[in-house]
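Quick one: the structure is below, and I'll ask about it shortly.
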Amino acid sequence: MSSKVFKTAAEALQGLTFDSMTVMSGGFGLCGIPENLIAALRDSGAQNITAISNNAGVDGFGLGLLLETRQIKKMISSYVGENKEFERQFLAGELDLEFNPQGTLAERIRAGGAGIPGFYTKTGVGTVIAEGKPTMEFDGEEYIMETGLKADVSLVKAWRGDTQGNLQFKKTARNFNPMMATAGKVTVVEVDELVEVGSFDPNYIHTPGIYVQRIIEAKCEKRIENMTTRDPGLGRGERGSA
Amino acid sequence: MAWTRDDMAKRAAQELKDGFYVNLGIGIPTLVANHIPDGVDVTLQSENGMLGMGPFPYPDEVDPDLINAGKQTITELRRSSYFNSAESFAMIRGGHIDISILGAMEISQGGDIANWMIPGKMVKGMGGAMDLVAGVKRCVAVMDHTNRAGKSKFLPECTLPLTGRNCIDMVITDLGVFSRGEGETRFRVTELAPGVEIDEVKAKTEADLVWG
Amino acid sequence: MSSKVFKTAAEALQGLTFDSMTVMSGGFGLCGIPENLIAALRDSGAQNITAISNNAGVDGFGLGLLLETRQIKKMISSYVGENKEFERQFLAGELDLEFNPQGTLAERIRAGGAGIPGFYTKTGVGTVIAEGKPTMEFDGEEYIMETGLKADVSLVKAWRGDTQGNLQFKKTARNFNPMMATAGKVTVVEVDELVEVGSFDPNYIHTPGIYVQRIIEAKCEKRIENMTTRDPGLGRGERGSA
Amino acid sequence: MAWTRDDMAKRAAQELKDGFYVNLGIGIPTLVANHIPDGVDVTLQSENGMLGMGPFPYPDEVDPDLINAGKQTITELRRSSYFNSAESFAMIRGGHIDISILGAMEISQGGDIANWMIPGKMVKGMGGAMDLVAGVKRCVAVMDHTNRAGKSKFLPECTLPLTGRNCIDMVITDLGVFSRGEGETRFRVTELAPGVEIDEVKAKTEADLVWG
């Protein structure tokens, strides 16, 4: 079989990037973001990108890189503003912003990947989110319709992947990555560790390789946004708690 | 004497029952975790994809791949499980979380909540707040009773853009506790902070409540 | 915490069964069915049950047990008829049957558990399945609306479970079980092996304990419907294939 | 000489390209797995929740927890993965499976397929067939060209209840191959079984096809 494995992030994006493309990028805050692929997307020079991502990175890191270079025209996100450059461009009217409730965003991406063009949810009923959206009543309660989302390319960060594209995610770095893997016309993945086929127990694969077209192994910096720790003087007894 | 932030968190913690699955918002609600009553075992959900959120890590345990919805580094417990964001909000939207305790800017007498944007200011987004108030079985809002200008935040109608409509079951302020049962449309004063007189609360409340 | 662990299937169903209840029962064919809980449901004597299950068991096993005793009034399934008693009751007009396409059934159950009262799908457009259902056009194509499904009680079969109700499923015995666990007002699980909390790697839990109210460990017979094997004389070289 | 069942399966196998994810129906389509061309590596999906379906087990390997959609005992491969039924059909409905090869009772000239029920007979259900024809990128139907009475099964309109409308891209019968490209409304005869004359096919076909 023709290989899914590429050597570098730049090679993995070769031929996939173009102006006015829609890109999904995994992660929650800076946790589980495809750092190397984002940098390669910046270097591709693609302009007027619509970026679907729960957050918008920080100044100089994550999607912040693409904001700095003004390659992003529109963001579809649930929470932004950890990022001065974002705020500046938005307030200057240089950047479009579509807020989605976080769960609606996650479900829209899952729906896009699952061939579901629309679904009903209670989230946002009676708020600005509902404006202009079709509604339907079920059991006497009002729901609004949300649509599925797809992307030209999905950039995904996983923990381990095999050469067939089977993926495992680590802890809360999973977040939006598995759904985005299903919703890209082409899905490109960077993993901390690339392993041989057969390394995973088939019971515990989070994303089957069918969703992955290209994969690279790459070292991530993994910046921490809010470092919070406990006083090391306190006992570790609690760790035994269930 | 009105309740402090910590008092309010402690009072909110009394709403947690043994076996509950709980989502705590940012701010005062985060403090609730410090006041869980003895003998009450709850499981904390973090909407970025975790059940069984543990305490902050010791410095040598910090893992950038393990954060909570406030993007703080945390730890796991023996009961913990991880899942993706769609599964996390399916859990929330599907009514599987027993209680959400969240901060508020305004609450209306009909149980509407506004806590995500102030027109004219830079808006950061609603994150998971709209999903939580729409989906969780029981929502408890914690807020100061009045704003800095002394104006009531418990109102006939919210003036700020809503996070959700008719979704708050209990309001805990520095002055007391206001709640309504299943199917009740109006809130009732159920508790006053020590030393707070009902007349003071009435004077500071624009919402139409059941006062007795 | 009050314990989720019960000793027997009968005890686990105590107080949950009643006439005209809706029950979801996991499994595909006879693979991954909650054998012991089905038998206990029969013994509960509940009548006029609506059973949501991909299949209807076989004569004398699985949901076949409840057909024999005529406790099932209606089945919502995608494929039936491995079962003479089923056929007899259906042809005699004693049993209601609602066919759902298998993927529609799976998604309806997932939607029910996820608080989604309706979603659009292309499955069944232009067929009898579409009759009487609302339709909507997306990108020039017609889709039909399907509704979410819930149950009073979901009976689930898992491989391993811990005392908090965290579950792992084995191979293709997973099938409908995880979604049904999310869609029951009360979910009761039988596992091959009950383990202590902390036995699982939290990265690889298929169903978080939040969905599980009651759990038992019970021995399953695990009948095989279509035993198919290879000639033992053939070499095992192929097993090395990827 | 018209194709045998095995010939038809072999011809269908030619539609599999290297790297494809494939769903095979019950009956003749199952035989396709025996004819996958050398150098073509495909991954078989089983809609009950598996990618990378392996061959039947040796008698000492049989596992009741590992079956295919035909409820036959099977084995796993090194590449295999398991998932639940909702995820399996999300994969199918979302257009991620490259090709589905399935049996048919009737095909219409507009690409409709009927393969799940005969009115008046006990109906077993559609299983996953409606989802597959609606969702998979390319659907190839395999069937005998005529029924036992010699009547065409390739028709202007199906007479049996439909499984799906306008979803079949290629029809392989014992007499030949009929296909239409992306966006083409009509089927074209693209291949005849060895020794089969076009006039015989015309005589046995009620559907309006492109005959040249």
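Chains: A, B, C and D, in written order; residue numbering restarts at 1 for each.
Definition applied: a contact is a pair of C-beta atoms (placed from the backbone, for glycine too) under 8 Å apart; a residue touches a chain by one contact, two chains touch by 3 or more.
All values reported here derive from a predicted model rather than from experimental measurement.
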| item | value |
| --- | --- |
| Length of the shortest touching-chain route, chain A through to chain C | 1 |
| Pair of chains joined by more contacts [C-beta pairs], A-B or B-C | A-B |
| Separation of chain A from chain D, taking each centre as the mean of its C-alpha atoms, in whole Å | 36 |
| Intercentroid distance (Cα basis), chain D paired with chain B, Å | 54 |
| Centre-of-Cα separation between chain B and chain A, whole angstrom | 27 |
| Contacts with 2+ other chains: residues of chain B | 41, 76, 78-79, 82-83, 89-90, 92-93, 135 |
| Multi-partner residues of chain A (at least 2 other chains) | 107, 110, 114-116, 121-122, 164, 169-171, 197-198, 202-203, 242 |
| Touching chain combinations (by label order) | A-B, A-C, A-D, B-C, C-D |
| Interface residues, chain D side, partner chain A - complex | 18-19, 21, 41, 43, 45, 51-52, 76, 78-83, 89-91, 93-97, 135 |
| Contact footprint of chain B on chain C as seen in their complex | 1-2, 110, 112-116, 162, 164, 166, 182, 197-198, 200, 202-203, 205, 208-211 |
| Residues of chain D touching chain C in the complex | 41, 46-50, 54-60, 62-79, 82-86, 88-90, 92-93, 112, 122-131, 134-135, 161-166 |
| In the complex with chain D, residue positions of chain C that touch it | 28-32, 54, 77-81, 87, 90-91, 99, 101-107, 109-110, 121-129, 159, 169-179, 206, 222-230, 232, 236, 238-239, 241-242 |
| Residue ranges of chain A in contact with chain C within the complex | 107, 111, 114-122, 136, 138-139, 143, 147, 164, 168-171, 197-198, 202-204, 242 |
